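These are the structures, in structure tokens.
Two complexes follow with chain A in common, the first pairing it with chain B and the second with chain C.
Right, the complex of A and B next:
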């Protein structure tokens, strides 16, 4: 089975600072692999280890995707090779542009299955996997909490609010997996040392057949919420009266 | 000079940190410390992840790493509160593999891979032979029928109740000269004639400390480790690196205590302000920070020297001496900054304080470090 696992390079959220004008500073930010995508990598490795085949990693973005440590980090987790689509036009790409670039790359690589995380750990729109499946015109399922290979198809479990849905899906397909589908493996010393020797294939948007003048959402501003002094009101006890008092405070604040 | 870690080192340290955080929560470390139990969950995770093989030669399935990487791992693990035993085990195993018989190698590797700890405890120290290890009195006498009879009294033996064997240093019969008067024997701890007595320690309580009495203990002559008369000489391969790992472990504990203390200085409010806003507290923090910087510099530089084949006979002794003292001072100031809660076992800073005290004594006392470095420095100026 030829599996492609998609990942995003995101900022370390603890290092994002809020400027006095509430804009965000990424000055001291280190970049990392989006947490939930690591579950997709693990799912890809478990599938390939179970049925054979090959797992490749894929990411799209601006020059950040070139981060040498992150390239080793993703490859140390198992994928045989890594595809990068690096293009300045992909800086702050919205979900649609991201999905389009991934689709272009995935078609060029060739695939049986594409795996994504449930959402990126920075914006968490949970859109890219679904849009990618639509663009590729193949079955797409999100919230996947278990994947069992069954001949030329997969048995999928989806965790819904109060039930588990079981689906059969034919290949090729796109799946977005949940964060609790597995426990990710930790790269060991041997895997880390081997990662730097694995092939990395780099393309720009032209190489995957995407022209220039791409439709893109323009971000006018991003501001942190205004800081509000806490009211520090303490209501002690659990009687009806005190609960009503609490609800009254909340109601007043929400107005 | 370049103090940057390599990307591979950063990734390795991230993996180890995540392994510790996933498997060994502070509550578990605290429980093991209180009950004097080994960190079994850590050992299991290190075996499962393969990290237990770091520092073991490649021909035994291990992953050799440079000294700088070992030092960084020792520092990190100690700062996370789980100690540096993985690395001292690796060095002892590496030592043993370099001279023991193929059967003994099998035993050592099997035990490391199944339990995560060393198959043998180091049976060197005796009541009259501490720093003066030349005073070892334990004897091993060949009976003439392929058997050897061992008699002696070992003390301060780490994990003697957990290891299946003791690497017992004993006087050689008819030594060829003064340098070759000791041999080492791999003696099963369940041999008739062996008795142990536990000694309760101030710190490092996840490992045990025992006295071991050997009375007419009979082993095969094949229990000899390496060559007859080459006892200590065989252990020289890694002893300087072991000192450096102890220095790195001291540094790690100091960092753990410092990180906790600085965070607490920002949280703890007295007289209406966080205590960190008072200059007396700021002075403590700044002096702790300087000591940590100094420790890092001497530890990393010495590791770099070793990796570049520069002699570290002086610098490893200086590093061990300085770091064990500075780390204890940092842990002590951290405890002071915490006040009452710092003197209880509620907070781990008291554990760092107890544990870091050990390193002024273990791995060669600091007085011996002065003896080693002092003579060597003077000799350079002659």
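Right, the complex of A and C next:
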């Protein structure tokens, strides 16, 4: 089975700073692999280990996808090779453009199955995998919590808010997996060393047959929300008297 | 504020559909709802604010909501509304994403506010990004804008005298071939945190699942709903996912929010900041929640909760 697993390079959220004008500063930000995508990588490796075949990793974005630590980190988790679509046009691409770039690359690589995470840990739109499947005109579904290969099809378990579904999916297909489909493995020193020797194929948008596709939404601003003013009255202790003080405040508010 | 000409809405459940119909009324001159379910539910959509309903009939036993995507895509392509509002369930996210790919649009997810200007093209939508750290204001550039909207963004309304038309479009065979072999209902409760007047929330500071019993008891006394943080629901699995507050969970707007053993991570607080009054109890004096609360008490919730229960509120 030829599996392509998609991942996104995202900012470490804790390092994003808020400027006095409420805009965001990324100057001290380190970039990392989106956490939920690691479950997709693990799912791909488990499938390939079970039925044979090959797993490839794929990401699209601006020059950030070139980060050598991240390239090594994704390959150390098992994929045999890595495809990067690097293009300045993909900087802060919307879901539509991201899905289109992935579709172009996936068609060029060839696939039986594409796996995505449940959402990126920065924007968490949970849209790219779905749009990718529709662009490729293959079966696509999200919230996949278990994958069982069965010949040229997969039996999947899907975990929704209040239902569990068992579905039969014929290949090729695109699936988004949940964050609890598996426990990801930490790569060891051997895997990290081997990762440096694995092939990395780099394309731009032209190479995958895309011209000047524009995003379908324009960002006007990204601002930290205005703080709601709070009283910030703090009682420093839980003695009977102090709890009684809290009770008094609650009573006054609930009147 | 100018209005859009046509707003379409659909949801896979009745209560978000009611909210979206009300949202459609706020934003558009004409509201069209796409309804899958009983004829009664189609009529309900009109009472909730739709002028027109495309009634897809009752869902066939072997089908999923998602199997109606091509039917809905055909209707949208024909009638070209400026805006489509969709609730934010896992199912409808699939439908919204496929519609976006078919219609050449993007999907603005977790929308929290809509602005319509003087002209039709002036729609702007804000939504939460970076786990609640920021709000992004976006302008759709496609002919049709698609947005998913969480519970509680719009308030449902009912007008039992409202009249509207119900149209039954033909079913279009879906292009996405998935076979539903089995479906079972998860053992979950239905809870609507978004409309709760009082909420008691617990975080990992509770330490053990057994502690929940006293929290439920206190909530009962306060006539409050019980909620939690995402880790309590998704990692510890001590409560159902319907009960977690946060960017990807419920956005609450209660009169009072009592947060127990909650540190105050931004993802959680973004969902809770609509509360009029926030009261926090936490062992750690440095917990960020105290910076975002009206009243805070530094202490052990296992001491504070039983003490609170002895009082009448």
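Throughout what follows, the second predicted complex is superposed on the first by the 226 of 255 C-alpha atoms of A that agree within 3 Å, B and C clash if a C-alpha of one lies under 4 Å from a C-alpha of the other, contacts with A are read in each partner's own complex, and residues count from 1 in each chain.
The rule we apply is simple: a contact is a pair of C-beta atoms (placed from the backbone, for glycine too) under 8 Å apart; a residue touches a chain by one contact, two chains touch by 3 or more.
Since the model is a prediction, treat every value here as computed from it, not as a measurement.
In the overlay built on the shared chain, the residue A:192 is in contact with chain B alone; chain C does not reach it.
Judged by the touch definition given at the top, the superposed model places A:110 against neither chain B nor chain C. After overlaying the two complexes on the shared chain, residue contacts for A:251 are found with chain C alone; chain B is out of touch. Of the two partner chains placed around the shared chain by superposition, chain C is the only one that A:137 touches, whereas chain B remains out of contact. Judged by the touch definition given at the top, the superposed model places A:209 against neither chain B nor chain C. With both complexes superposed, C is the one of chain B and chain C in contact with more chain A residues.
Legend: residue contacts after superposition of the two complexes on their common chain; A:236 is shown touching chain C, with no touch to chain B. Common to the chain B-facing and chain C-facing surfaces of chain A is no residue whatsoever. Those residues of chain C whose C-beta lies close enough to touch chain A in the complex are 64, 66, 89-91, 93-94, 96-98, 100-102, 104-110, 124, 129-131, 133-142, 175-186, 188, 190, 234, 241-242, 247-248, 255-256, 258, 270, 273, 277-279, 281, 285, 290-300, 303-304, 307-308, 311, 313. Across the interface of their complex, chain C is touched by residues 11, 13, 16, 18, 24, 94-96, 99, 119, 121-127, 129-135, 137, 139-143, 155, 160-170, 179-180, 214-225, 228, 230-238, 240, 242-243, 246-247, 249-251, 253-254 of chain A. Residue ranges on chain A touching chain B, taken from their complex, read 68-69, 72-73, 76, 186-190, 192-193, 195-196. By the touch criterion stated above, chain B contacts chain A in their complex at residues 7-8, 10-12, 14-15, 18-19, 49-51, 54, 63, 65.
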